Each structure stands twice: as C-alpha cells, then as structure tokens.
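Below, chain A partners chain B and then partners chain C, in two separate complexes.
Moving on, here comes the complex of A and B:
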C-alpha cells in the first residue's frame, strides 16, 4: 500500500456571509497533465519555472475563430499579431493555419520575413516605423498602415525617391461607445481627420490606398463596439467608392478580442464574462453586410486577433519555494516565478491549479514571486489546498504577451516547451544562461581587474 | 455576298464542290474532288453534271436565294443529279445544254418549294427535287424531237477506248478479271451509279473518297448494301436488278443517312440502318410497279421516302432514349459522334437553372436526398445543412441552448435570383431536442426562380427575415438567419427545390450548379451534382483577378508576342460575337475561332474551328476550363474533343468502331499552381494539361501554364515534346 501523503493541518474560520450563486470558489482540481504530458515530467526535464504551449489548443482555437467568421462573411483573412507572442514556433503554427503576419516594429518585421512570410502578406502597423523599416517594407510590397501625418509624408517622399507605389491603409480611431477611446493611434473618424488623410492619399498618385484599419481597444468585452467600428469603416469605404470610384480592398478590424482570462476586479469569471468569437463575428459581419456594398464588391475582412487566439494555449509551470505566515495571519506562498516572467498578473487574476492531488481542505493565501521586490505578487488572494515546498502549480491562460514582455530581472527567463499535435514536447526556446545576458555586454579593459 | 475577287472565287468554288459532296451528306472538299473526278469517268456525263451545278447556282444567286445555302451546295446537288441523268440519257449537243439549263433552274425552284414544304414537318427534302426534276425532263423529252437517246453507259469498252485507248481497256479487263466477289462488284458499281457511272473504276474512286471522308459512313455503306443484298436473296427478289440498274445505291445512302448523318452513330442507329434495307426493298418493288407504268426510273426515290418516313417518326417520339438525332449538323458522322460524346459529358446538365449553396463558408450535409430522418416520400429531394467542427460536433459548450450551435443565427442566402413568393415568420425557435410538429416547416421563405423552379428555405430564426413578399432577391443576398423553428430539434437550414409556391410542396430532384467539397485538406469540385450526407460543402466565390483575366468583352483585342521554336512573331485575337450570340476568340491571321462561355463561375471553351497549329488552338486546349474561384490544390478535370486532338492510325481505327466502343480518350486537367493572396490576388499561376490516351497508354500530352497578373492574362506557355509556344500578352 502506498504511504498516505502528509498534509499540514489547516484552521479555517467559519464564514457566514451572504450566499452567492457561485458558492465558494476553490481551485484545487489538480492539473497533472497538459495534452497528455505529465507536468512533473516536464519540470523534471526542463526545470522550473517552465512555459508550456499547447499546439492542439492553438489550432483548435484558430479553427473556432475561422469558422465563426467564415460562415458569416465570405472573405476573411487572419493576420498573426507578432507582439502577442513572437516565438517562431508559435508564429509558424498560425502561418500554417493560413494567417498573415502583423508587426509593429522593424524587429518584428524582420522576424516575420525570416519566418518566411511573403512581404506582401505582412501588415506593418504602429506609430514607430523608421525610414529604414519603411524602405524595406516598401521594397517587399508590404501593407503599410499609416498612423500619423508625418508618416504619411515620409512614405510619400520614400515612394517618390524609390519610384515605387506602396500599398497603404490608414488607421482610423473613433468613438465606439467604449472607454477609453483609443484616439492616440491613427486618424479620427468623427472630426474629419480620417477623410483628410484619405484625401491626401487619393489625390496623390504615389501611394495606393488599399485598406482601412481600426483597433478600438484591448480586452474588449462588448462586441457591439466592433459593430459600430465596422459600420464606420464601411461608411468610409463606401464614401471613397462614391467620391473616388475606388473599391477599398480590405477592412482591417484589428484585434482586442477578450480572452478567457479574468480581469482584476471583474465580478464574473472570464469564461463567463468574455464574448466568444461567434459574438464578435456576428457584430462585425452584420455591420459590413448591412453597410450597402454590392455583393461582389464586399471588402476582404482582416482580423489581427492575438490574445484571444493564444492566451489559453499557454501555461506556466512553477514550484513552491516556501510557505510563511504574514503578520495578519494570512498564509503566504512563495513561488519560483514572479512578475518578471508573468507580466500579465498585473491585469488578471490568473487561474492557478495545483499539479498534484490534495484532500478537500483549502486555505486562502497570497501567492508571491521570488523577486526581491515588493510588487512581485502573483495573486493577492487565492484559495488553494495547502502547498508544500517543491509542490508544483500550473498557471493558466498565459499565452498572450508574457513571452514577449518578460524580462530577466533578478532571475533568468525560463525555457518554453511546445506540445505538438501528437503530444510530443519540443523545446522552442532554451532556458537562458549567463551567456545569453552577458553575450552582448562590453567591459572596458580598465574595469577588468579590481582588488577588494 | 463577298465583293472582292478572291472571296468571289472562294464562294463559287465552295458552291460547286459543296454540290458534289452534299450527295454524301458531307462538306468535305477532298471527297468532292474525288466524286467530281469519278463523275468524269464518262466525260460527257461529267460535263453535263458540272454544267447543271453551275447553272443552278448562278440561277439561285440571280434569284436572290440564301447565299449561305448556295455556298454549301444545298441548291446545287439536286441539279447535279438531274444534269448527270440527262448526260447519261441524251446525246450531247446545244439542245441538251439548253435543256440542262432549264432543268437546273427547274430543280432549284423545286428545291426551294420542297424545302419549305418539308421544313414544316422537320424533315429533310433529300433528293426529292431531283426525282421531280428528272421525271419532268424524261417525260417532256419524249415530246422534243431534238433530243436523242445516247448509248452511253451501255457500251463500256467503247467509252473506255475513247477515254484512254487500248491501255485503259486492257486495264479494265484485268480489273474485271480480279477475283472480286459478285457482291463486292455490285457494291462498287452501285457506288458509282450514284453519279450515273456504272463502272468499277468510278465506283472504286468514290469508295476511296468515302473511306477517306468517313470510316463510319463507309462501313455503313457496306453494311446497308449487304443487308439489302441478303434480304433480296432471302425473299428471292430480283438480284440482277441490283446489278443492272441505278437502284442498289438506295441501300447505301439510306444506311449512311439513318446510321450516321441524321442520327448520332450508335449500335441502335446501325440496327436502324440494317432494318431500313427491307424497307427499301419493299419501296423499290412497290413503287417500281407504279412508276414503271410511265417508264420512269425510281432512282433515289425509295431512299428519300424511307429516310423521311423514319425521321418523321423519330421526331414524334416521347423521349429520345439512346437513339439521338443530331442537333447541330457538322457534316461528318465522326464529328457528330465525337461532339455528341463530349457534349454529353461536358454540357449535358448545362440546361439546369444555376442554384448555389445558400450560405457562406463551410457547411456539412446532415441529411441528404432520401434521408433516414425526414427526407422521405414526397419530400425526399431535400437537404439539411449544419456547421460542424473538426470532430463532427455541431455545437460548443454543452449544446443545450440554440446559441451553442455553430450554425444558429448564421446568414442564409438566396441560392439564385428570383421573387419571394411565400414566407412564414413568427414561429418561435424550439428548445434543443424539442420539435414543433404543428408548424412543421417553421419560418420559411419560398423563392420563385422561374416557372416550376422554386426553392424553399426553412427552420429560419424567428423575426430574422429581411425580405418581404414580392421582393426580388439576387444570388447571395442575405435572406434571414438560420434558426430552429418548426420540426427542427436542433438548428439547421432545410433546403428544397419544388415546382410551386406552397410551403412544404412536393420536392423535385434538382442539382446545385457548382460547389466544392472538402475531405481532410483536399478539395474536389462538383458541377450540377447532388451533395450527399456527410459532405463538407463550400460555395465557390469568384476571385477578382481570375474573373477579370477571363472577362473577354466583345470587341476587345488580345495582342501578344508569340515565341515558337526561337521564332518571334506578333499576333492578336479579337473577341467576336456571332449571330447566334456565341462568343469566340477569333484569330484573323489563321482564320481560327475558339468559342467560349463564361457564366461567372467558370470560363470554358466549347468548340474550335480552324487551324490546329495556331496558337489559338493551343490556348483553346490549355484554358479549356478554368474555375474562377480559388481552392488550394483542387484539380478541375474536363473532356476534350476526340476529333482533332487525336491523330494517326489509332484515330482511323477508332472511327470504325466508335459507335460501339471508344478506347481513345482526351482529358483536360487544370490546377492552381500558385497564388499570392487568396482573396485579392495580384498574381496567379495555373497549370493545365491536355492528355490523349488510347486505353491507358498516353499517346499525346501537352502541358500548359497560364500566368495572370495586373488584372489580365500575362503569359501562356504550351509544351509538347520539342514544341514550345510562349505567348506574352500586352497590357
């Protein structure tokens, strides 16, 4: 007979509060395997902490999104948002599924090119495109989404200089009834800036206006806002058709679809609060189909969804370093991963599951990271079974932004493993070493020696 | 009427040759030349025939009859026969010339009259004008003292001596000494007798001409004659009559006419040809008794009557079955047959009204025709469509709410243009698993596309209908949203075709025009087919570049540089539309035309006429059928005509047995080799191939490449062994 596991005793205060329909939230259903691969085995082989990405989930989520749009609108194209997760392996899974690339810097642009995305299928967004970046993109016939007039003038100069006709779109910001209004990007719809930019492009023969772009916000919980945005972009497109007899090739609705994560302060869990792809697709496609385009002149609908496509495919595996009691009696658990590699814990109450089975007893706790910084809090309050040193946990929904916004602050960045469709793990990024950080450092000769 | 001298010459040349070849239902000028030569084996007779042809054609022109018919020899061939008869009967002299002129004019008038009489019954006039004309001449000639009977055709040796001296006579004697069976001799002579040259010599010439013109007509001539001969033998008829009068050819002509000219050659048409022999024998025996009273020969009267009788009967059938009349006459049994085979395979279903899938994106057929659940009895020709995920599930989460179902609330589109003639709204969507038997069809729309073609879309979402009664909708318009009303346990679209406007009318089997179906990652294309249960269907949607590249506007010119074997030339094709509204690419240099059709979903060529070495012919093969919507790696296949594409002995051998078995095949396949952007491409490359096979052996293969860009055709390459043709089109 196997020896029973020791669990430290827990004293729990009896709470007689107002009942709510969700009961007491507990998260102790253990997650011992991801896509059939044992968590313990993964940590044993690749160390802790460890990011794990499920290819199966990526492809499944993509197919759901694809189906939701393609059964509602005849011409749909996804473009993978590099900033959300630019691990080459992840990008290429999306490219294999047919996504184009959407980048916001020269560095990301280079990455997309290197991954093999044809230049004409890279959408170049963002306010910071250098002259060098633009020259490269124009040479590759990429789609330039203009953010401000200075960029418009620069592209015009470059086009004349290079004797090429770049394909451009303008980014349009607008009031869609949600706060905050992202009016810092692009040209405003309501006050006429957008028309000003359109006129400047159309009356100028050195650029071709092929699309209209908007990106109304992030983690949007109201699909109706996209309906408003799509209607306003369609209105612009039809206006251009009327004024200049030109059909706009595409409408790019950007991204910002909410994932299944739970925002801090949200009453409902993300799974319940976030709209699904069908709801976003419904709002967008209905608005465009009802706008008044001729059936054979319907523009291509481009979507740059990042977060909603990748968040759920990412997991972070970690290990308990220690337990302690805080001065107010609350239990605190120190994990081996902190906000330096899990930036999104500032935004979300990430779901965290133990990776081994426990009894039914749980305890409220604060989860801290390992950093020597007060802000390093993973969860301010979470109900978990009593964890011991060396126990493992699985953090859910960390696929978006963490692997692009992480840093080697205090500790180095962990490895990333991709579990493929056949449930085989592959390392797609190695654990960092001292060399990866010091490789680019230069130490002047006179500082090499010292005596203490 | 052409005005310049060379066109004039062509016109008259064609009208003369046409008059000769028409006798064998052909427009083949080589056959005409051989027949003309054969008719000159007795030069006087030959001259008389030729004079009659010229006189009648000039007279027709003078009278202002349809120049198209003059050109094809339609007015000339009966006069030719009259002229030949008179040449055989009477001594040559100015009087005969004058009378031939009169006879020629008379025959033309008779032709016009009989043509309009027979046209009312949709039967040909054949050689009736000849019979009427020649009887008039023979009867009246007895009153004209100036005409004297000739002895030509009786003393063969004398005639041969006059023509070619002793050498020819001895050659003819040797020929006669050959061990040719009696039947064969009679057959060959009978062929000659068609042109009143009752000798082996001209008979052989005509047989050779017939064989060169058409293997099917030749074999039918033998078959028809043998059947007639055997029948006469069987009923103990007068075999010597076959041998010694102008009568045996009736069997031959009837067999060719019914077996291969007016009917598409097939085992059944051959049977009909055999069956016609006893009829001919009957007509000869019976009519001979009547006309014999006035000493009038029958000539081709039995043939004309039997063919007209048979065709009249065939025109009055309930269904054509396997004995098909030739719809578009190409004046060649082979061409008629091969065009029929290809036409049946390619365009048999083109008469259907084009219905399209009523949704966007990929849907699954959850119940097809004669489905197990509800598509039974009067409602068996219906389809149910749902959306499924990779695992075949139709819903997400638990599938307990209608909103969990993928297809719920998706747009439902008009399958084709038409009027909304019936609609039902206001019925609630059922809870999952429940059904509303009271309002069986739920919220429904019926669209009238034409008389007796209505489509019904049912189980729509309550109050989602965007159309009103009487609205005219276009293909692809959003009509409503998919729902779960009526007898529907889970959301789906019910689609059926019916013959009236009532909701829930009896269904009729009617195909969808074009759709793709996906299994795993491979797409296959279907035209005018019936989707089956479990298929994953996708509606094709035309891709801008493909649509514009194959949008040939009448009057448009395609200019190109042609490179062939290192030689560079320039050329151009013009888009021309003829009186029958058929559009073609026409090459003025080679006088070639490639007829095409574009229905918005497909571009395809229908036929080609002209020079088969021209670049246009290769383009006709290479762009034979192009789908205007892109599906990755999907192959589009089609049949190419056997005639023209196959060459050599194998083709000749095939001709003999073509009505029974076709072992030569020509296939076409096209595929999108590359595309830069699926929805808004700037560059597309299409690869295609034309393959000629005998059984499984490839006998000929041409590979093609089409490059599209800048909203047009950019480049076309054809490669066959050492031959390489490259066309660079100009913008």
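Moving on, here comes the complex of A and C:
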C-alpha cells in the first residue's frame, strides 16, 4: 500500500473579530522556484541560508522606473546608490542599464571606480569625506555634494592647493510636511543656511556650483513630499539664475522611495500602501516643470533611488531548524537565518513563503533566528503551514540593505547567488569561512600557548 | 508558592476527547459546552477521531506510522505537541477530571 503524504497535525481555535478588515495574511502558496531555478536545488548546491538575486527583476524594475520618469520629464539620470547593495555584480547590472554611481564613503568611491564608473559620473554624498577621498574625487572630476560648512572650506582649500575647480552641489534639507524631518544632513532651506552656502560658493572662484541635492527621508509613502522638495529646490535654482545669472545643471532628488515591503504596524500590506514610480515621477516632474524654468534651461533630474529598485529582486532562502511550543501555547519555529543577516526584519514584516507544497491548513507562529540572542526574531506573528525540520522557506523583498548592513555575529555570512537573464545561477559572493573572519586578526606570540 | 507538578505527561495518558464535541468531515470542530469552534487538518481530524474512539496514544502512533510517510520519532514528537494543544484548548475530558 502506498503511504500518504505526511503533514504535522494542527489544530487552532477559530476567532472572530480579527485585527483589520482584510484579516490576517496567510502564506501557504509555495515558492518552489525563483526565475525557473529550483529553491531546493539552490540550497542543495550552495547551502542554507542563501541570498538569491534576480537579474530579471532588477532590470524590469529599473525599466519601469526609467519609463515613469522619462515619459514625464525630458532629462533624467539615475545614479545607483552603492550603500543599498554594493555587490559588484548588482552595481554593474545598474551601470549596464545606464546608471551613474552614488557613493557615501571613500570605500564605496573606490568600489565604483574599480567597477569602471568614470569619475565624472560618480556622485559623492555623505558627511564623512576625508581629505584623501576629496583629493581623489577632485582629480577625477566627480560631483561633490557638500554636507556642511567645514567640508565646504576644506574643498575650497584643496581646490586652491590643487589648482583645480571642483564641481560641487549642496545638500539641502527642508520641511516637506512629513515627520520626522531629516535636518541633520546638508543646509536648511527655510532658515537661510542653504542660501548662505550658495553665496559662499558663488562668491569665490574656487568651485563650480553645478547642482542642488536633497534626500528628504527613507521609505517615503507620500509622493507629495517629493513635490514640495522639488519645488523648493527649483526655487533655489531660479534664485541663483536671477542673482548670479547662472543656470544650475541638475537637481538631484536623492532616494527614499518606498519598496513593496510591509512596515511593522502598517494597516495595509506594502504592495497596497507603497506608491508606484509613476506617482513619485508625477509629483517631482510636475513641480519642476511648473517652477518657471525656460524650456532650454530645464535642469537634469538625477535620482538616487536604491531600495525601490532592488528590494524585490532579493530573496533569502532558509531552512527550519526546529519547532517548539511557547509557554503561552504559541508555535515557535526556529530558522537558520537571523537578524544578523536580515537586519530589515527589525522594521518590516517580511513576506515569507514555504518552499514546498502543503495543504491549506495553517498555524500562527513566531519565527526566530538561530542566534543565542532574545532579540533574534524574524516575524513576531506569521501564519504559515505546519513547517517541520529541514523544510525550506523563501523570504521576499530582502534586496535592499541586508547585503550591506549584515554582520558576522555568532554565525558566518551566507553566499549570494545571482540568477541571470537566461535563468542561470552565478555565485557573486562566496559563503564566509573561519578564514574570512580570522584573516585580519593578529594574535600576539605570548598569547599563543596556554595550559588548562 | 511554586509547586512541582506531579501530573503524568499527556503522552503517557489515555487522552479522552470530550464526548459532546461535534466533528465535521472538513475538520471543523464545535464544542457545545463553550461555544468555541476549531479547525484541524485531515491528519488532525483522524487522530481526534481515533482518540474519541478510545484508542491509546501508542495505538494511534502505530496506525499513523503505518499509513503515512513518517517515522515513529517524528510522529511521537508531533503527537505529543498535538495532544498538548487539545488539552490547552480544553477539548479533553482529562482536564475536567483534574479539576474535580
């Protein structure tokens, strides 16, 4: 007699009056393949956990964003935000699509150069640019986005010393009607700091003011805030035109567009709550087009979109280590990936799908990571089928920040695989070994021996 | 004051499912004494039916392992968890007896 497929017995009380009108989201549709490649096969070959990136999704998402802006505004340029995901393979997919590089540290700057991005197409943001970084960037004719007055004076000093005229922009912070207001970076629009910085640049001949930059926040759910920011930057650009008879070459709206992830505590799922590229593009382009620029003097619109371009292309594959019952009767499932490699689980309720088929019966569970730390919680509440040891799961929308903010803590960092346009997987970062961690350690001779 | 429990683990007891609970073939369970309703999967329903018929846990284990693609250790662990949940959801008469 052929035996029947086994599924763990589950029983749960049926409750009425759930927390919102859509009920709880149940994830029992299995994700067995990513871009045609078997999840089980990937884990079998590269181990678990494993990050997987879909090149197809990256290119499709980029094309969608590009179309949304280019159909509304005549001059658009994307610059890939290295801090969001600086795996060289990922960066080069964006560069192949035409993106410049946007970096916030000397290390990222070196990475962009090494990837082959021309210096003049690297935007250098951030509050911590060292003198060495600045000298290199000035020599390469990169775009320096000034964050504070100390940096402004240092660039001026270097320009005089190097007898070069660096191309600079200022970062402007402003009230766009959203909370919290990001005012720690750049110069404030409302209190006149921005004009003060502009005057200091314009009234000496050491630097060329070529652009205005803002980055109003992160995971922004209100396209209208970008409209306000674009209007204020346009006002500054037109003011410069009037006062100094100089056209600003570009307006850089920074990043911050929300991805399709669901923020913790959100009433709606991310796919319903997050605006699409068309909504952001409409708000920004309308504000600039209506600001009063002459047709031939419209500035280039630069976008440093990171999260919204890469989040959905990233998956994390993992395996169940164990199941247990908590003291209050809740099911607890321990996974082999924790917050050390999935930092974003602190602020998102990531969608998690089983990687094999189950019946439609589900259980409410808490998903824990493998770390010996109480805070290692992947999902505080998730409705999943009865997973058992060695079952696999797929975590969605992990492409942004996880592969740059991850840390080697208790366990080593996993490999990353990119699935190309022909559905062929390529390892783009190897699984770490003890050697990767100990390679830079130095043990003094006198500490090498001991007796216990 | 904290007291050590002397209860026999449920897995070693004869689990007596409340006689008056209603079971439907789709896995819907209704407890008329509390008004609570529950849902279970097909294998859960099968186990509850066996327990209601008065089968001992060992007997349930042997029947399930014979019928499904699982091993004794895995099923014993899952059964232990399941009968604990049945007890926690107040669907067993063992709890009623303990109260007396």
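Worth pointing out:
Rule of thumb we're sticking to: the second predicted complex is superposed on the first by the 443 of 452 C-alpha atoms of A that agree within 3 Å, B and C clash if a C-alpha of one lies under 4 Å from a C-alpha of the other, contacts with A are read in each partner's own complex, and residues count from 1 in each chain.
In the analysis below, a residue touches a chain if its C-beta (ideal position, glycine included) is under 8 Å from a C-beta of that chain, and two chains touch if they have at least 3 such contacts.
Computed from a prediction, not measured in an experiment: that's the story for all the values here.
With chain A as the common reference for superposition, the partners chain B and chain C occupy compatible, non-clashing space.
In the superposition on chain A, contact of A:388 is made with chain C only, not with chain B. After overlaying the two complexes on the shared chain, residue contacts for A:295 are found with chain B alone; chain C is out of touch. Once the two complexes are laid over each other on the shared chain, residue contacts for A:67 go to chain B alone; chain C is not touched.
Touch criterion met: A:359 reaches chain C, while chain B stays clear of it. When the two complexes are overlaid on their common chain A, residue A:75 makes contact with chain B while staying clear of chain C.
When the shared chain is aligned, chain B comes close enough to touch A:118, but chain C does not.
The larger set of touched chain A residues comes from B, when the choice is between chain B and chain C.
Between chain B and chain C the least C-alpha distance in the superposed model amounts to 34 Å. Listed in rising order, the residues of chain C touching chain A in the complex are 27, 29, 36-44, 47-48, 67-70, 74-75, 78-79, 81-82, 84-86, 88-89. By the touch criterion given at the top, residues 359-363, 387, 389-390, 396, 406-407, 409-411, 474-478, 541-542, 676-680, 682 of chain B touch chain A in their complex.
Only residues 60, 63-64, 67-68, 70-75, 77, 118, 120-121, 249-250, 276, 278, 282, 285, 289, 295-296, 300 of chain A touch chain B when the two sit together in their complex. For chain A in complex with chain C, the residues that touch the partner chain are 3-14, 323, 325, 329, 359, 361, 386, 388.
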